[in-house]
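Common to both upcoming complexes is subunit A, partnered first by subunit B, then by subunit C.
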Partner chain A sequence: MKRYLLLAFALLFAAIYLFPVYWMYATALKTSGSIFKYPPELWPSEPLVQVSRVFAEHDIGRYLWNSLLVASGITAITMLLGTGAAYALANARGAKANVALFLVIVLQVLPPSLMVTPLFVAFNHVGLLDYPRTAVVLATAAKTLAFYIVLCRATFTQVPRELKDAALVDGNSHLGAFFLIILPLARNGILITSVLVFLQSFGEYVYSRSFIATRELQTATVNLATYLSANSADWVGLMNYAGIYVAPILIVFILLQRQIVTGLTSGALK
Partner chain B sequence: MLQSGLVKYLRDGKGFEGTLIVAAVLYLLVFAAFPLIYTVVMSFQEVDMFTLGTLVRPFAGLTNYTDLFHRPEFAPIVWNTMIFVTLSIAFQLTIGFALALFFLQDFPGSTYVRGLFLAGWILPALVVGAVWRWIFAGDFGVLNYALQSLGLIDGQIYWLSDPAYALYSVIIANIWLGIPFNMILLSVGLAGIPGDVYEAAEMDGANVIQRFLTITLPMMGPTLGAVVALGVIFTLQQFDLVAALTQGGPANASNVAQYWSWQMSFQTYEISGGATVATMMIALVIVVAVIYVRSVQREQSF
Partner chain C sequence: MNQIEIEHLNKNYGSLQALHDISLDIPVGAFVALVGPSGCGKSTLLRTIAGLETITSGTIRVAGEVVNDKAPRERDLAMVFQSYALYPHMTVEQNMSYSLRLRRRPKAEIDERVGEAARILGLEKLLKRRPKQLSGGQRQRVAMGRAIVRKPKVFLFDEPLSNLDAALRVQMRSEIRKLHKNLGATSVYVTHDQIEAMTMADLIVVLHDGRIEQIGRPLDLYRRPANRFVAGFIGSPAMNFVPAEVTADGRTIAIGTGTLLKIPRAQEPGRKVLAGLRPEHLRLDGSGERLTATVDIIEGTGSMTFIEARIGSDLLNVAYAGTYETEAGAPLTLGIASDDIYLFDPETGRAL
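Entry: the complex of A and B
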């Protein structure tokens, strides 16, 4: 009996915590007249699905596409450079490896809003700002790469060393042992960390806001922020926009919830 | 001959793993370490719209720093940043710790329900800011309604436009964002405390509060230290919420250093100023990060 009472409390806490998410979708279903009622309706009395209207009106597809492109680029660079480095750092011993790991962890904490000034000036010198989405990808990947290496390294340390040694004894090269033995074993950890990197990049704001001047190339965060400051009373439109934007994120989260929690807890403190 | 030697070096021996590390480190040096040094350099130069495109700029000595300290908004923004960091961490940690302790109890679905909280961590901070802006709305906002129904306030609070409340609104939203991460990390720490320590204490007649103070808190010390350090780092990164909620306004009432730096560089084009604030803040973040890494490494060597 006590156990079910605890569950009831747990659900109550979760419901209170997640109220903002509920409120976003509840508002998205209201009419533009009914949101200006006071007291507010906690449940939309005449729900109205306006998703497709808002989607077309604000050309949301274009901006979501930009976000998708940017997030894919960031994730690709991060996985390509990060996986091998995480593996090597999980194996390596000695002063050089310690310095490399230390560098990775410290560079992970640099706030993008502070790094954006020198990056902007440097990218301006070399002409990268003519390719603003590439500039966003390159800058953000420096941030996600460090995060990815730290988490993936924890995954690789869990793969027993003996397996690699056995593969080497069997005549594999280091290259072969990595691709044929180690990578398949660490696959789950790598995939979950990549999903986390992708989801984070999908919501990137600082670099996109600062590097992308052309409206057509903006990501959804930047476009939503512009809309937010220009039409701050159109809450129905804004909450529809926000709801559409985060729907894929929430779906991935619900599907992979357990693995995400495990992935985060295994590497975050190490 | 040389080429096949290189291939062999990469396929076998240390060459392969060394190359993997060097590739990643090189990327980080170009896109993270170089800008880091460049921002320090720019904080000693005159950088504005006219000298932006040139490589050789007039040396400014310490004038960027002295100018910054003499600005009327300097002291309030430093103070705001301190309040922002302190209050955010205090509440994220307390609420996160309480929830972690709650979910440590044995009941059906505890892991799943605890995981639901991470939805707050995974959402883009800018979107979270947009939703909170609607919750905070003065006339029709649901927060004012909730507080009035509970009898806590009489009139409306204009959370985002009243200088007395603007900073605290951003802090409330930031606490919301930080709770899940704190809770998960502290749960990991709590799970590491062996159960028989509690059983022994219980047999000795220690009550719940005594057990918390004499076992849980001391054994959680290293984890709490790491979580606070990470909290400082994450809080000083928070930009998106400020952008979505108040843009630092009204009249800098809710402005914090990391947003101010960006404003100077990208809105008023005082790039030296932006770089100078960035230099000081990055130095602070690196000091905290070094303390964090060293404490975690010392922990692991046991």
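Entry: the complex of A and C
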């Protein structure tokens, strides 16, 4: 009985939480006229698929491509720098390692809206703003790195130390042992964390909004917001745009949700 | 000729000194056990030989060559770990062939050596399995197989049997011993179990607090312990220690209630000593040097009878091979041969 009650609660809260996503897709299928109908229709009486029209009209392909570029760049840099750092922090013991880990976590705590001004000034000085997408990648990677390092470190601590010793005795160098033994064993955790980093960077807004001035280079998140102004808003177009943008994220998440949940908890539990 | 020579080895972890001035020669083909209580530095010593720990000072030579600054892979040693440390993402075959593949040996040679090792260890049917699908004993064999395919100069064992159940441990003990004899390589074996050391090793190194207490053949350690620690560590049940004083003629000692025991070698009269009496040397027929005691506790297992007896305020454990029936509180006349009485300095613990 209690179980069903809890389940009902869980479903209720999930429904409340997911309602905006549902409303987004439902609205995307309405006509501009039926949006403001009262009482509102939960599901449009005459659904109208306008995805391809909106896609072409708003040149969504270009902005999604920008988002993809930025997100891929962020994920690549994070993995490249973060994996080694996470491994080092998983192995190092003592006060210095704790300080290093603390500093890493502080990176994660600082909000982008706070960091954006000093970063803007700094990037401007070194001329990075001429390459705005690179600037966004670097700025965002600084934040995702912290998240990545903390989670991957947990993964690495799960790999028994003796395996590395065995590899060294068997004939590996330190680097060889890392790539041939440790990395394959930490692979799942690394991949899941990377997917999370990718999804997070795909939705990055603050840095893209501030650093990218040229319209052609904007990411989808920022471009999407430009359709929303005080006087006029193409709600149907906007909802279609948002729907298109969210679709890949949802698909990846649904495909990998089991691994993501186990991947995240395996470090904490056990 | 010596396979491994260690001279004045010291190992510090920050301010903590884990190994103190270790000097040790291990002859080619010997089976050497490093034994001691946990935290005595035996695993650390093994890991310094393997090259997994750096040393603070001293030299380590393998086959006459100084290896202080050599990486583990350049030392031609194979190691079997307590947790077996099998690579979980590889099959048994891949685990065993890993070191050969790293050395880029020809495929035919790898197959042959892995096949041979699998045959010796009875692993032929398991080659395609992963470590997760094996029992503890099978994993242990794979760990051994991984070491023997390399045909190394030296085998290092770090408590390889401590995760096995008692029956399997006894079986693997003799198998490792046989394997050592057949392969003829030098073996260094770390254990905290003195029985394991006594039954397997040609040479035992007893370590305590990072220092070597004594090096010797198993029975030499048993018969002539250099100090109180070794005397108490080697032998089971452990030796009894009773405070005593050498009498005026220097030929006998007086214990607890004034009982006099003749000692094998004359000592300085009036000197305070610690008398060591092994439980199995105490006889129930009262022959030899005689002690009168009362029974405190008696435990019979059929083949062995263990009695805890009391002489004054001192407790003595007696191990008797056979059955003996008595009851708590009953008087007991014990005897011991004069030659079986050990004497130690109560301060330094040195054997006298």
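By definition in this document, the second predicted complex is superposed on the first by the 245 of 270 C-alpha atoms of A that agree within 3 Å, B and C clash if a C-alpha of one lies under 4 Å from a C-alpha of the other, contacts with A are read in each partner's own complex, and residues count from 1 in each chain.
Methods note: a contact is a pair of C-beta atoms (placed from the backbone, for glycine too) under 8 Å apart; a residue touches a chain by one contact, two chains touch by 3 or more.
Computed from a prediction, not measured in an experiment: that's the story for all the values here.
Given the alignment on subunit A, is it a clash or a fit between subunit B and subunit C?
fit
For subunit A, which side has the bigger count of touched residues, subunit B or subunit C?
Looking at subunit A, the partner in contact with more of its residues is B.
State whether A:L163 touches subunit B only (first), subunit C only (second), both chains, or neither.
Second partner only.
One more residue to check, A:G33. First (subunit B), second (subunit C), both or neither?
In the superposition, A:G33 touches no partner, neither subunit B nor subunit C.
Would you sort A:V116 into first (subunit B), second (subunit C), both or neither based on which partner it touches?
A:V116 contacts subunit B only, not subunit C.
Does subunit B (first) or subunit C (second) touch A:S173, or do both, or does neither?
A:S173 sits against subunit B and subunit C alike.
Using C-alpha centres in the superposed arrangement, which angle lies between subunit B and subunit C as seen from subunit A, in steps of 10 degrees?
That angle rounds to 90 degrees.
Considering only touches as defined above, state whether A:G127 meets subunit B (first), subunit C (second), both or neither.
It touches nothing on subunit B or subunit C.
Which partner does A:P184 reach: the first (subunit B), the second (subunit C), both, or neither?
second
When the two complexes are placed on top of each other via chain A, what is the minimal CA separation of subunit B and subunit C in Å?
7
For subunit A, which residues lie in the overlap of the subunit B contacts and the subunit C contacts?
173, 176
Quick check on the complex: what are the subunit A residues that touch subunit B?
3-4, 6-7, 9-11, 13-14, 17-18, 20-21, 23-24, 27, 35-40, 42, 77, 81-82, 84-85, 87-89, 91-92, 97, 100, 102-107, 109-122, 124-125, 138-139, 141-143, 145-146, 149, 173-176, 178, 199, 202-206, 209-210, 221, 224-225, 228-229, 232, 235, 238-239, 242, 245-246, 249-250, 253, 257-258, 260-261, 264-265, 268-270
Looking at the complex, which residues from subunit A come into contact with subunit C?
Per the stated touch rule, the residues are 160, 162-163, 165-173, 176, 181, 184-185.
Show which residues of subunit B lie in contact with subunit A when the two form their complex.
10-13, 16-18, 20-21, 23-25, 27-28, 31-36, 38-39, 42, 47, 52-53, 55, 99, 102-103, 105-120, 122-128, 130-135, 137, 139-142, 145, 149, 176, 179, 184-185, 187-189, 223, 226, 233, 236-237, 239-240, 243-244, 247, 258-259, 261-262, 265-266, 271, 274-275, 277-278, 281-282, 285-286, 288-290, 293, 296, 300
Write out the stretch or stretches of subunit C touching subunit A in their complex.
Answer in residue numbers: 47, 50-52, 71-73, 77-79, 81-83, 85-89, 98-99, 102-103, 146, 150, 156.
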